[in-house]
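Shared between the two complexes below is subunit A, which has subunit B as its partner in the first and subunit C in the second.
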Partner chain A sequence: MHTRKFLFKSSFRLTILLLAMLVLLPNIVVAQSDTFTYWGGLIFSDEANSMFEARIKEWGEMKGIPVEVVMINQNETVQRVSAAIEAGTLPDALDLGWGFMLLLSQNDQLVALNDLYTEIGDAHGGWLDSINSLMTSDEFGGSIYGVPYAASGMNVLYRRYDVLSAAGFEDAPATWEEAADQSRAAQSPPETYGMGFALSNVGDGNLTTVMLQSWGGRIADDTGTTCTIDSDETRAFLEWITTAFSDGLFPPGATTWDGAGDNTAYQAGNALFIANPGSVYLNMKDNDPELLEASRFSGLPGGPVMRLVPVDTVIRSIPTTTSPDKQALAADLFQFLADDEFMAAYMNAAIYGPAMQSQVDFPVFTESPVHVGLLDGALNGTPAGFPDVNNAAYAEYGTNFLTPRMIQRIAVDGISIDDAIAETQQACQDIYDKYNTQ
Partner chain B sequence: MSQDALTRPQAVREPRFNMRQADSILGYLLVAPLVICILMLVVYPFVFAIWISFTDRVIGGGGNFIGLANYAYLFQQNSFQQTVRNTIVLVFAVQTIKLIVGLGLAVLLNQEIRFRQFWRGLILLPWAMPGFVAFITWKLLYAPQGGAFNYILINLGLVSSHVDFLSTRELALPSVVVALVWRGFPFWVISFLAALQTVPRELYEAAALDGANAWQRFRNVSLPGIRHVVLVVVLVSTIWTTNSFEAIFLMTQGGPSNATMTFPMLSYFSLQSLRIGEGAAVGVAMLPVFSALAFVVAVLLQRDE
Partner chain C sequence: MFYRVSLPQKFVYYMLLVIMALVILFPIYYMVIVSLKLPKDIYRTPSLLPINATLKNYIDLFAKDDFFINIRNSLVVASLSTIVSVFFSCLASYSLVRLRYRLRDWIGRLILFTYLTPSALLFIPLSVIIAQLQLGNKLHGLIFVYLTFAAPLSTWLMMGYFKGIPVDLEEQAMVDGATRFQAFYKILLPLAVPGLIAVSVFTFTSAWNELLYGLIFITSPDLQTVPVAISYLITGDVFRYGLIMAASVAAAAPVMILYYLSQRFVVQGLSAGAVKG
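Up next is the complex of A and B:
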């Protein structure tokens, strides 16, 4: 039986231990280990993910250092990295999207890699213009915070050629209005709907911002400080898209689709058009060759004012919390990963466009119809956000999905176009003002 | 050694604390580890969240004190006003239905029915299923194309074309309510059932002898007997429902047009822009509601005592 003295001592010791933990815990958490940790971006291709992991482990073996590769769902990167920043447990290097890199760089979370960027670019024939303009944007104040490994985010227009050609439409629509006209003529609700584009609060829904811009609309002025949603161009765009919605050209549920809503609609045979970077193509190649045979691929249509194919990029970065030794290792790893032979095999399985000149000649960019579209996007596309200034406020406008929400207000709530514009203009300006005062 | 030294009584060391003080210290020491854990894991994050809601802190940044600016920004947003309305409607509807269904089924399962154990086990299934799986399944059931509900409704001739459960303003929130009720009611049933079993049978027998019918026995014997449990379950479940994120995130992402936007979704959108101060303000804005609810329940419980 425990004595009173025993209880007294045990409680005292436990209290001291907990107090000590309280004081020491932050230091324990940030203690650096010998293992080199890399957070890679998980993509739809298992083959590409495996190749990527294997390549980093191969590098670790060559260098004689233990490596840990953690593949992270790209939809969760923001949450995972945010938590790691607050906890002081960032990896030694990681993959990021451009928008998130911008936000992190503005909070001094990333190491500037100007020399490494130039070195790797020069070794591979130079960076493509679209990629270079993103990486050297004025928003970064002359610093370059990462090394791109591919062009991303470029949507290719998928169309059901079998259905559309039967309705007399052999060619891909050159404009969004043509896509709507073809949909109107060829769709057969409730089995098939034409416009398989998300109007919901997800990343795919922001394609509507690209549409708005191709109508000549702008989110903000050239200084990137004042919202300019309230314009005739926005009115014209909203008139068109809400008419298309009320005409039943969008599949039911498009206003609440999740990130896979459009993919599912197309693969289930319910949508005639979708915009997708390539995951649907990969899935059809493996699981539905008949649908693949019935599909054709082309660049995104244009609007009445311009045609936009926004190019984003995926980037390898180094957090400022990484020790100098490991920063040097990360730089070495980035060079190792940029190897053309590896990237040719990786791109063959992945759904990215080229970022550097040497990648343009990879066989996949002539052999695969979707990759042909991705190459075209990377070479001829416009930097993400263009013609708007792609700054942090613009990124927050996107993460709040204000364009699809504006459409929802008209299409779902039935408010007038003018009221929806006024509401969105105000919400947009509220966001920009937060950054203007910083 | 002298005789004097041998016979002198040995000095007895005076205890530093008397028995009462030693008891007190031991008591404090015994609870100290738990208090430290609560301070670390509950109080600190709670106070920290309140503090950063008054700052313009972003992830990785220090943040400056900006007073009520985050709250002012939130309150002027249309989406916030809609969020408050949605949250109140959602929580009230979900809790009311769960209360009725939970009580009804608990009373039923407390009777001598056939396969009673089987039914009790079966009732738990929705609660045992991972939320992710449950809500994705509900989304598929609601799907306008290929969804089971539309298939049934159209084949029974009840509707002529598909019903857009999750994408129309009128149906989106009720559809989410149904899914949340389905997922959460087993907790109520099991809690009420456990409470009902503690009500002495003699009370029912006495009530029956006095001529009370089934409703009167339920109202005057069962309900007072499980009142404490009902209050606690209502409190806990209200907090869970208000904080429920995955159902709405998986089924509607807060849409269409903010029709299902609730506090956790709004907070999520703020954090997507790394604005942790603003996100914390959304969370803290719920605090007065929870505090009031907890206070009411505490008063009711104390009144019974």
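Up next is the complex of A and C:
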């Protein structure tokens, strides 16, 4: 018994000792309480990321305050911020996408910045209509929860001009149906397939929702409460896209691609068309000038009813956990970051469209073919979700990838168009009902 | 008992082993080949041969992206997690296997259940704990978090191994005047060395490969572990395959060496635990 007690006691003491050592190890402390912490959105361009970090550090030196800039991979923002909210470790300011800003604002996690938004907009010739309509959406109840710094998410149509022109197609397709027709005539499977658009459960797959809407289909009614997928317009769209799939216009695997499937197909020379915001352009510029030379860029095609180029935006926000002093510092920093000279250089390296009038005249929007498309999208595009109401239910419809799933059910599982529509209508309504009762 | 194997049988056995080796080694081969290619060649000339082979990806990775720092961080985190976890698990598993007290079996089962809890469910409560202890964005905070899965795994494996060692040996030592603690570290632990090595290797590998907690609890690039640094090579919809594969080769090398050096103990240790546990 004595030895067992000794063992217990020894174990207990050693446990305490080790725990104490663990906690008291020399900390590699990065953030101090007086440090201003900014979580920036990491993007594809290293040059743009470096410029952004340097700019904030320059501001910190000017103000004489320690600054920590943490570049968060945009693919992981939601997990990072969710954990930080629970732990109470949100930064003093951060970059967000519009959808996540909506979610956080509805949970009282962000400071309303109406005055700052107006002030920065006025200082730069005013906000573009597409951006302003996103920021002042009814969903925010009159408050503005951030300061946009660029238009994002606009897809540009990339096409293989060398292959298409050889088949007699000099001009970009004006409609999706034309794109399919050009693909049918110019493609040469298995080397090349025309329609390099994802039909899988990834963000790119939601381009099919935009297509559906350009056919006149709608996800929900104007009140944003009742799903309206079951319509003749949806049937017509599904008829077209599943026929294109069965005709072999989509590369094999398009229904299971990951987020980079379309990019990879285009850069491998296997796809004649893709829709991409600009990362593929930057990649080709650095690594494959021949393919870039053989490519042309244009706005997204339209459907039989309308042409849609959804515009999203990236935003700088301040969490409610930030102290009043640091909120004032963050406001000052946002103004510093909005400087036109800096933004002109930043956008030259990044793949964003303008958010304010003063940015429209940046040289990159006339010099770079992809940026021309991004400018067109920012000026003439439609707010993300249009003509649907871009509310939380619509966002969840997108994150569940219900449109690409509906296509997969017909194209891969072989069920009828009517059955696929009925299934999706029900799944969609279940989502909307969840929010209708809140 | 040994049987004489005929030539045709030998041929079949070797063929099967070669096929198996090819299946297992192909992904590693492909990883190495892609790591030696430029982005254009990866996309435009897919080939299983190292056409236009270059070390550019490795140079960029180590010279530009400071990947050595990520390897150092992973080594620190995985090694310390392993040491602390194996230390505690030895004491815990000895207690659960050799000592008699109430709820002992339940405690053993609870430890296993802790290990089986998905990490995705734990990251929010762990975030709260880490923030309260002010261990966020610190390597030893990450070590503390890794113990939540490493210690239960080690304990469970060590329990199996300790059960396989006859209790008579310790009892004889105690009859000869050794205390229980002396019997533990002078008799039992030396006999359990293969098990300890096997458990250490598994714990080290789990900590080395862990991504989710590293992603959540470390924010500074200077403190990122290897899996987090690799995940940062994917930005948006852009996968830098050359760099990703070079980083994967560099990340796999230490674990491969570790397994190579300890493979005898790993097989021996785990099989003992598996049969008698």
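We adopt the following convention: the second predicted complex is superposed on the first by the 406 of 438 C-alpha atoms of A that agree within 3 Å, B and C clash if a C-alpha of one lies under 4 Å from a C-alpha of the other, contacts with A are read in each partner's own complex, and residues count from 1 in each chain.
Everything below uses one rule, namely that a residue touches a chain if its C-beta (ideal position, glycine included) is under 8 Å from a C-beta of that chain, and two chains touch if they have at least 3 such contacts.
For clarity, every value in this text was computed on a predicted model and none was experimentally measured.
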Check whether A:M195 is in contact with subunit B, with subunit C, with both or with neither, and answer first, second, both or neither.
neither
Per the contact definition in the header, classify A:Q408: touching subunit B only (first), subunit C only (second), both, or neither.
first
Using the superposition on chain A described above, determine whether A:A268 touches subunit B (first), subunit C (second), both, or neither.
both
Which partner chains sit in contact with A:L292 here, subunit B, subunit C, both or neither? Use first/second/both/neither.
neither
First (subunit B), second (subunit C), both or neither: which does A:L116 touch?
neither
Which of subunit B and subunit C A:E86 touches, first, second, both or neither
both
Once chain A of both complexes is superposed, is A:L102 in touch with subunit B (first), subunit C (second), both, or neither?
neither
So in the superposed three-chain picture, is A:T399 touching just subunit B, just subunit C, both, or none of them (first/second/both/neither)?
first
Contacts of A:V78 with subunit B and subunit C, given as first, second, both or neither:
first
Common interface positions of subunit A, toward subunit B and toward subunit C
4, 7, 11, 14-15, 18, 22, 79, 82, 86, 268
Which positions of subunit A touch subunit C when the two form their complex?
3-4, 6-7, 10-11, 14-15, 18, 22-23, 25, 27-31, 39, 42-44, 68, 70-76, 79-80, 82-84, 86-89, 203-204, 259-260, 263-264, 267-269, 276, 279, 283, 286-288, 291
For subunit B, which residues are in contact with subunit A within the complex?
22, 25-26, 29-30, 32-33, 36-37, 40, 56, 58-61, 73, 76-79, 139, 143-146, 161-162, 164, 166-169, 172, 250-259, 269, 271-276
Seen from subunit C, its contact residues with subunit A in the complex are 38-40, 43-44, 46, 84, 87-88, 91, 95, 99, 123-125, 127-128, 130-133, 135-140, 143-144, 174, 179-181, 184, 212, 215-217, 219-223, 231-232, 234-239
Provide the residue numbers of subunit A that touch subunit B in the complex, in ascending order.
4, 7-8, 11-12, 14-15, 18-19, 22, 78-79, 81-82, 85-86, 103-104, 107-109, 190, 200-202, 251-256, 258, 265, 268, 270, 395-396, 399-400, 405, 408-409, 412-413, 423, 427, 430, 434, 438
